[in-house]
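Only one structure is covered here, and it is reproduced in the block below.
Per-chain residue numbering starts at 1, and chain names A, B, C and D are given in the order in which the chains are listed.
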């Protein structure tokens, strides 16, 4: 516990969060669950950005600014995603991903 | 010492609630845990000294997105969902994928095992503002366009058919 | 005056202007297309007096840094190898535009894509930077996809997709090879073809073989060399007439040009290594292409397979690795563009009237359509390599070059000449000669517009056959230099 | 005049263009006179050139070249810019052939004015004829073998146009295609020969090739291959076995056109090219022997077919083939002068025969000789002129055919005895079938009264040329033979290569003529001059003129003493010919010719064989069918194999990968069910999901797998 915090700590945390996100995106049946998992992945990336900013380039704020962009994109993504989810739900009365196989050739 | 305690507890909070997000059977609970996890991330930002990011995280994510998700989930929720498995049959393979990816990610993380903070944290809001309205003005405007498009998209997809 | 940029990008300006014209104003759209394709043609012709026949150096060079961090340049220039092809491109595009006047639906998009296609094709022949080359190369793909897929025949979607995927697959391998070349150059890396060509001595054979194979895969699909030729008949049959013309006249040449300009100069050892296979492919292209053409009853498909056969002559000339063979290959590219372009236009003429291209549906048309029959016969004879017409010189030089190296293969390929004669003669017999088929009693002869589009090609066919000195003088020095003697 | 020789092909060519594009289609159009005028000018020029050449007032060979185009070439490791020359090369044979071609063409055109007067495509016919003649003249004067080949091919085109002139009917269209394809088949040999020549010599210029061989740079093997290629080309154009099948069908075209093809242009071209490149043959004794035998076989087979045919034009066509066989055979045994001499005389009498036959057909409107007979009273001029031609071709003494055929037989006699006896028999057959034709057509009583009644003598425009040609057919042999003119004019080229004597020793066939020709032995001094060099530099830099001005002059003098037939044979020959004519009289004199019919009944299989033309046509048809089959097969392969493999193959490959992974999955599941129970089942099901499709998360899974693998590989490197 006494070892100083290093960049590796933050990266590990981000990695774990990212893996959880991947796992969720791959396994959740509910589309809203998938969307939430994707949000987790975005956050994992943001943690990394903020950490890089702090550890590697403390003189500027580029990393933070980039994280803000990511945040914006994530917001846009979730809004559209949820809107789609609603539309789909109205049309097909289901929220489970395996019920959609329009991609099947 | 304080730093370490803060970090580890925040990390624990974040990871645990993230796990709950992907594993919990009830989607509503999942969304609540999502809010918690995002709040944990906000704490991490604070511990990194990214004050503006911390604020944005709280405002956009915790109070915006997480709440939005919760509303939608509640809107779509059905009682019967609680009896269904919320994880599909692919979880084993997904775990394998994660394991493989983990190897790479942690390999990289280890490269920075020795990188420590070299300078004191300073407030960044001022700098970010200068950056956005100065050097990064074009991307900044573009991202606002993206937001606008997302807004229009959301309206388009959610409007009801009776208009026509 | 940046002549090459003018030649290359004038059509692009035209395309952008067309985008701004309302789609109802068909006449205005056509005028703009003609004006800008005409500018490109006139500009490319205007370079003729200034083009020095006495040097192999790149001429009309334009060079700017484009993406400095990767060493990508905007680097244009022409020599005796590419300049004739630039002329061919701008010329055939104008001819193709005349042939496109019959397009009636979605005119705006059609001419837009057509001009974009011209940009890509001209660019390929002018570019001296590999990335620039690749960009232009890919730029031809999308317009072609739409031109076939929207304005084509009954199976147009299938043909377009097949064309697109097939050629795209090829270009991916090409891109890999280009990147390999980039990283093989000493830091700072470069995509400059001429710089890279100077470095080939230092690369080992295995590397060159791999690079060559990657490049060859991309080129062979475009040429098209056996066994990657099967997209061609389908694409030709389904494409609208003018697009068939462009496809045969210019697009196929990009493959051969790439083989000479890039594969040969940048991976000479790989090229050497591949020669025995190349000659076999050339012979197969020639004999097998001619045989396949012989089995066709659809005139357009027959001409398409004859293209396979004719590109085989180009490959034969290249595989000879002699100056005569290279000269023949380049000359054959020119003449094949002109002759086969004319053939496709002529087939389009009869299809517009009769709505069939089946040879057995006709008969005795020479009585009813004497002008058409005469022009068709002229082009057929040119295509089968009758001396005095353009097809002969290129074909003969290809054989001449190949024969010095591959006697047996050249001898076998002569069979292809005979088969070519056989199917063209049979087609002419069935369509024009014999008893007149009364079904076509009210078929009109060629209109002025059709004549205008074909007459220049017919004139060039005769001119190049009788006096090939002009095009040959353009390329002699460059080709001598290419073989390094 | 000789410096303007390049105009000789150009004038008719221009006339042809003017007629084709400048005149309106009109049965009474004066356009043909343009062609006739042009040809008359050419004839005048040719005569003056011949006069100069025969008089020895110009140095021979006269050569003048212009640069045509140039291309980069490399021979034997040396690279240079080859300037393709285009120019004229006039020597004795060329000068003589020019006169023959222009004269016959002029006669044919004048004759055609009357013959074609009611045709709808009147001017087009004359344009074709002019073009045809122009291409032949181009071949004759050209100094460059590639230009010669181009004219040669253009001649193929013009024969195609002329044979299929009445293209509304199926017969001509088939015949024109057959003619073009068969000759094209032969041309491929010449094509390869040209390639080979350039690969060895580095030049297409005839004089330089000659010089190259003279200096001994070309080995016998190479020369043989080249010579065989040339021979193959000549076999196609000059209708030699087995490629003569096109010629009998070629008479589907207008009869005067046939006269042109058979006498002056097309078929003469093959012989002429062999003669022009004769030095290659001299360096290749094997090829000479092959030429001799091919000529012999051709002559015999064609003559045999002519014996049984009843179609007047077909008999003439077979006789052409047969006579061409004589020429080829003569060239093959070293009788250069004899072969070309016969080419000249044959041109006159064969043109006459065809024009005469045309006159007959014009009058009775049938080709079938069984429906003719007794026409002598109705058409006296045609009768007499045709009679003259038949005397000439049969070889009655002091007619032109007598001189030339006698010379050929003499040459063969000294070279190759087996061939000689076959050729002698063929010569007698010639006399027989030609008199048979004559008797059936003109002699005796009319068989078809209807046709006979309508028969009439042709107008003056048709009979005039007949009379002139008849005069030439009778006296041209005598004129040329007088004072050895033919030897000096048609002097055999020589080669001075060191190999030549060695080759002669190796091949008995060549050895005999070598003894018989003092001229061959003479050029030892040249041999001493020629320095053998292993791998020659291209001959381009070498001076062109120096070479064989001497050779052709000296050779001419010496060849005069060429061997003659043994005295008894020389005397017996006319009597044998007369006997064979008498036999024809005996068999066919009456209106019923019962004897001949009886013979036919007795020898039915032989007649059938000859009637079906030795089944060569059937073989050709079979070849065509075979080619079609092969083509269909190739296309089937293309559509069903190549396309499948290389387009659908990608899809298939993916399918296979999927199936394999499915299989592994199944194995994996089976094996682990016992060990790991439910866990492995889950894994198996998860893996199997890989091959189902349509699920968003499956695609996501693939992406994740790819990404994780890639990331891991890259990051942990």
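Throughout what follows, a residue touches a chain if its C-beta (ideal position, glycine included) is under 8 Å from a C-beta of that chain, and two chains touch if they have at least 3 such contacts.
Computed from a predicted model, the values in this text were never measured in an experiment.
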{"item": "Result of counting contacting C-beta pairs for A-B and B-D, higher pair", "value": "A-B"}
{"item": "Mean-CA-position distance for chain C and chain A (Å)", "value": "50"}
{"item": "Between chain D and chain B, distance of the C-alpha-averaged centres to the nearest whole Å", "value": "88"}
{"item": "Inter-centroid spacing, chain B versus chain A (mean Cα positions, whole Å)", "value": "5"}
{"item": "Approximate Å spacing (C-alpha centroids) for the pair chain A, chain D", "value": "82"}
{"item": "Touching two or more other chains - residues of chain D", "value": "697, 701, 704, 708"}
{"item": "Shared interface positions of chain C, touching two or more other chains", "value": "none"}
{"item": "Set of chain B residues in contact with two or more other chains", "value": "88, 90-91, 93-94, 97-98, 101, 105, 108"}
{"item": "Pairwise chain contacts under the document criterion", "value": "A-B, A-D, B-D, C-D"}
{"item": "Sites on chain D touched by chain C in the complex", "value": "68-75, 79, 81-82, 146, 149-154, 157, 164, 167-170, 173-174, 177, 180-181, 184-185, 188, 191-192, 195-196, 198-199, 627-628, 630-632, 634-636, 638-639, 642-643, 645-647, 650"}
{"item": "Chain D partner contacts - residues on chain C that touch it in the complex", "value": "162, 166, 169, 226-231, 288, 291-292, 294-296, 322-324, 326-327, 364, 366-367, 381, 386-388, 392, 396-397, 399-400, 403-404, 407, 410-411, 414-415, 417-419, 421-423, 425-426, 429, 432-436, 467-469, 472-473, 476, 479-480, 483, 485"}
{"item": "Complex contacts: residues of chain A adjacent to chain B", "value": "1-13, 15-24, 26-30, 32-33, 35-37, 39-40, 43, 46-47, 50-51, 53-56, 58-62, 64-65, 67-69, 71-80, 82-87, 89-90, 95, 97-98"}
{"item": "Residues on chain B engaged by chain A in the complex (per definition of touch)", "value": "1, 3-5, 7-8, 11, 14-15, 18-19, 21-22, 27, 30-31, 34, 37-38, 41, 44-45, 48-50, 52-53, 56-57, 60-61, 64-65, 68-69, 72-73, 75-76, 81, 84-88, 90-91, 93-95, 97-98, 101-102, 105-106, 108-119, 121, 124, 127-128, 131-132, 136, 139, 143, 146-147, 149-151, 153-158, 160"}
{"item": "Of chain D, residues touching chain A in the complex", "value": "693-697, 699-701, 704, 708"}
